[in-house]
Amino acid sequence: MFKKILIANRGEIAVRVMRAAKELGVDSVAIFHEVDKEMPFVHYADYAYKLESETPKAGYLDIQQIIDIAKKSGAEAIHPGYGFLSENARFSQACADSGIKFIGPKPHAIEVMGNKTKARELMAKAGVPIVPGTTEKITDINRAKEIAKELGYPVLLKASSGGGGKGMRKVFKQSELSDSFDAAQRESLKAFGDDSIYLEKFIENPKHIEIQIIADEHGNYVHLGERDCSIQRRHQKVIEEAPSTVLTPELRQQMGEVAVNAAKACGYVNAGTVEFLFDKNKNFYFLEMNTRLQVEHPVTERITGLDLAKEQICIAAGEKLSFSQEDIQFRGHSIECRIYAEDPFNNFLPDTGVIKYLREPGGKGVRIDSGVETGTEIGIYFDPLLAKLVSWGKDRLEAISRMERALKHYTIKGVKTTIPFELAVMKHPEFRYGYFDTGFIENSFDFEVLSKMKAEHDELIAAIAAYGYRIFRGSQVPITNSKPHTSKWKQAELMLRRQG
Amino acid sequence: MEDLVLKIEDKEYYTQYDKNDYSTIKLNGKPFQVELLKKYGENIFSFAVNQRLLQVELVVDENQNLIVSFDGLSYQIDVTNETKKMLGKFVQTSASGAGVRGGQIKAPMPGMVVKILVEPGAEVHKGDSLLIVEAMKMENALKSPVRGKVKSIKVNEGEAVEKDALLMELEPF
Amino acid sequence: MFKKILIANRGEIAVRVMRAAKELGVDSVAIFHEVDKEMPFVHYADYAYKLESETPKAGYLDIQQIIDIAKKSGAEAIHPGYGFLSENARFSQACADSGIKFIGPKPHAIEVMGNKTKARELMAKAGVPIVPGTTEKITDINRAKEIAKELGYPVLLKASSGGGGKGMRKVFKQSELSDSFDAAQRESLKAFGDDSIYLEKFIENPKHIEIQIIADEHGNYVHLGERDCSIQRRHQKVIEEAPSTVLTPELRQQMGEVAVNAAKACGYVNAGTVEFLFDKNKNFYFLEMNTRLQVEHPVTERITGLDLAKEQICIAAGEKLSFSQEDIQFRGHSIECRIYAEDPFNNFLPDTGVIKYLREPGGKGVRIDSGVETGTEIGIYFDPLLAKLVSWGKDRLEAISRMERALKHYTIKGVKTTIPFELAVMKHPEFRYGYFDTGFIENSFDFEVLSKMKAEHDELIAAIAAYGYRIFRGSQVPITNSKPHTSKWKQAELMLRRQG
Amino acid sequence: MEDLVLKIEDKEYYTQYDKNDYSTIKLNGKPFQVELLKKYGENIFSFAVNQRLLQVELVVDENQNLIVSFDGLSYQIDVTNETKKMLGKFVQTSASGAGVRGGQIKAPMPGMVVKILVEPGAEVHKGDSLLIVEAMKMENALKSPVRGKVKSIKVNEGEAVEKDALLMELEPF
């Protein structure tokens, strides 16, 4: 096992990987840009090195500087987390060239799966079902029009070297194509430095179902069941769960085997996820493979009992998987709510500010993976994910009711968060009964619900407001912040004991 | 303290105070016992209303409206102008609200103006996209809150803007 | 199901029961003495009523006042937690008389099991193995001397209506008997209002192993495996785990059946615990039955997946158990560390003060049941239990390594806590290999270890101290609390994007 | 700043400062880079020492000793008297330490004196029980830290005492 590893990431995922390292007795090295100096992940590490870069983000993407720090610090391996360099084949290669172990797949697997066109070809060859579409990189709007006509509307535009919903656009009719193509190109260029776009048949309102797989360097492959990540806003997941309400054990088995074949086809090593679109007729189509740990990995951890981040480190250290397919058993149900600094009342617009008060829920069946604390400043430099709240229950309804009580107690002041939205989803009949797809927020979720939640407490709020006005007017707040004088009580208690 | 009328969302509460008892308040004739149990820090309080516990944040916005936040929801309380003035002296004023206020379109967060979709003098409908601001790698269309006319545009495409910067002024019909 | 229940307790256990209620959609009513006004449990409730009493503790013991509040608030049932009135038969009876459901067993079961003498008789009749000893309540030192001689030293003195280690004394030779008897009587009188003492043969360094049972009102009994609670200081548990390292599946089955028989013998309903002394030869002897939820119930919850507090409420509402003995499966290993405000460097002397900084661990496999927050004042009125930290792992070593990383991150400033001690136990070879008994702290644990933990970081601490002295001398602290001016960064970032 | 000698537990560190660089410190000739990264609030800091992160609490006790707390352990740092004096001006003094100090037996917490086990003038050995104080329902025997003679007893049985109250004075042999 390694003695020391570097975590080339920030926020909650850096903390999560460091926890795994600590439990394995491995020291963690954090890297951080000056703006992140006070973030919890820096101070959770055993060692921390500052990144020098023009912008905060550039530091976390600076392959050479990160490898230099790894060498200087004596780190033997690098965990990339998700985002940043996690799916960058050049980084994986640069690590290998420097004699540092990359905790993730080999460059080849990242490269193939990072290229939608190559990935589709490979998957088709491996017998993995794929969505009808082109294998051509398109930068010309006229060519895009031709292809869209062939496929038939609706079509989906995707950044050809993208991921995470950036540069993605649905187009329902030809008149919308031009504007959407422009926007997709702009976003794609900024996010990935490549403005080529890929077109495919748009599967309307599918479920997003993905299979977690894991593979060691000794040719052992295991699938760990599915996650249903259909609750999305802006094509980005916001609530995930395992297992899915729509899979039978047979279908789970079948999709698991397909996912393992997909992984084998690219010689995959380490933890990875094969994403599928799942339509109303229970057909599933390969969407993409994420060659890294996912944000939503905790729901799989919770129902399997495995620690995926620890498994990743052990695999990179050359260990064999300590379990086989037959050992994997699922227990109960787990849900994750991503807590974003966004305003659900205003189209999930990201919010910034300083967290001036933070109170986290706890107790049975509740897990929090957080990257923030009271006093943390949420800036504009990075994605606005603050923390992940994960619940477990012996069945889905218990997981939901536990999530509800946890969300209600989760208090974050200073920035707007997705918590009220997630609370409303937990109460939503379609979500509760499991009938939902990726169109849930657009088609099923009535944002008026959030306003109705207010009406429930109108009267109590009015009473507090009335009290507030009186206090403010008299400038007289009848609250004793000072504790009652203790010696009075103590004296009384002690006297009583003497008599007793 | 004399009685006042509070308005929350679209409901009105006629409020009567008890001269001798701070904690007794009548709303539309119905009595409530209000007790302030605890202060958590900056503007966050734990109240018991008829023994029912609520943790709320109390702030006053730039227009002297009291904002009560509870369970992630914000309630705006309207009162008479006279009451607002008194209030301003005692409670900390919150960071000004962002987004749209009256006919002013403000930046809801720091970002860059990617595209301006209307011209001065243009007529816009409620819900029409006015301009696109990029922040945290995502493009966000700012939409018109009213039907009206574009009075003036205060920014240019490609311009970086601070939170709350005035972007555009509308004249509602 | 009830609409509203009252929780006649305080601190972490009140919060724990309220969480269960919230998940069942049941409103909670807190009761609190003025000194507890700012404690989290009050503000976690849906409703809260103040207790009027001469001393803080007296309020939580005032049966009539509590029942009056229950009626006034509309609560249909009362959960007593542990301690206070939880094992008071009169309280269970008074609830029944007032038409309020007591969430716990019937008065008869509490009474029988609360009386060591009666309990022994009943258990002997039910075929439950018991420790040799008297069935006589003793208040006369001379009678105590006679009996001790008969049993043969060492003997154990116990408050005849006691529990929790109060009024308990080991006596190894006759010359010590008189002093110990006096002290046991004094403590017993204060704690339970009864100075009668009970003598039994002292089993040297047994393990303390207890079986969790649960029973509904319809005659269904299920046992939920054991907890090993052998790590004790002052006869009070401080670290517990499930399963125990010394039980075989057969022995677990056998002890489980004995525990169910014990429960059946007193017509037991609700959750309860049958405690056993477990000697070196794997003999087990009935110690006592706790007719309530235990502090350490979370470790059983974690390996069975059940929510015992919710089950209690459902049982009291007349529901049948939703599982049978065959449904109970154990998964992995769970450990609980009780976080006490005590000084492990000074004989576990309770500490008082204000918690001026609190940081709790989180992440996979970690559960915290806490009763405090930053700003909470820890006074002298109640037991100094601040919180419980519970870890789970796929095996015992993973549970231990996870507990270690969680304990290391758990920061409580303002009062001394048992955390450094618990960290040292996790590293202790005898604990790690599972060879420990109730004599662990006295016989095996070398408190010098705590000093040695210091030596590890001597040099780093010296460097900080040296830096500290220089700063203090110059009164010049080179730390920027203010964040770097954001608009500079933002401007740079935005400029870059425009160019990119 | 001139060099000084720090003592932690029983180890001595000869400390040399760099005139121009605050963060460079030599201990017994070995160089350390110390950086103060963050302040959490009252006396709690996050330091990096040779990039190694430590969250510590720094307080100064009543005797002007610097106390560094780390991972639940407390380290007492001894320096020359002169250094202590300067120090006192800049760091908050912690609540006074309780228990036994010199020949004085103090109450380690608020409670009640249940029993006094020795008489004035009595000779006591190290580890002998002197008196029993009850707190939080538990009886705690206070033991003699030294071999010596009981000089005076300042409390009576049944008396309620505050934390740090002087209970007894011993004259060590």
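List of remarks:
Order of writing sets the chain letters: A, B, C and D. Residues in each chain are counted from 1.
We adopt the following convention: a contact is a pair of C-beta atoms (placed from the backbone, for glycine too) under 8 Å apart; a residue touches a chain by one contact, two chains touch by 3 or more.
No experiment lies behind these values; they were computed from the predicted model shown.
Rounded to a whole number, the gap between the C-alpha centres of chain A and chain D is 47 angstrom.
Between the Cα centres of chain B and chain D there is a gap of 52 Å.
Distance between chain A and chain C, defined via averaged C-alpha coordinates, is recorded as 36 Å.
Along chain C, residues 38, 190, 380, 408, 490, 497 each make contact with two or more other chains.
Touching two or more other chains at once are residues 37-38, 52, 55, 110-111 of chain D.
Taken chain by chain, the contacts fit none of the simple shapes, being neither an open path, a ring, a star, nor a full set of pairwise contacts.
Pairs of chains that satisfy the touch definition comprise A-B, A-C, A-D, B-C, C-D. Of all the residues in chain D, the ones that touch chain A in their complex are 37-38, 46, 48, 51-53, 55, 110-112, 134, 158, 160, 162. Per the touch definition, chain A reaches chain D in the complex via residues 29-30, 37-38, 42-43, 45-49, 73, 487, 490-491, 494-495, 497-498. By the touch criterion stated above, chain A contacts chain C in their complex at residues 15-16, 19, 22-25, 34-35, 38, 44, 54-57, 189-190, 193, 298, 301, 305-307, 331-332, 359-360, 362-370, 373, 377, 379-381, 394, 398, 401-402, 404-405, 408-409, 483-484, 486, 489-490, 492-493, 496-497, 500. Within the complex formed with chain A, the residues of chain B that make contact are 1, 4, 6, 8-9, 11, 13, 15, 17, 22-23, 25, 27, 30, 32, 34, 36-42, 44-45, 47, 49, 52, 54-58, 66, 68-73, 75, 77, 79, 83, 86-87, 89-91, 95, 99, 108-111, 114, 135-140, 163. On the chain A side of its complex with chain B, the touching residues are 166, 183, 186-187, 190-191, 234, 343, 346-347, 349-353, 356-357, 380, 382-384, 408, 411, 413, 417, 419-420, 423, 450-451, 453-455, 457-475, 477-479, 481.
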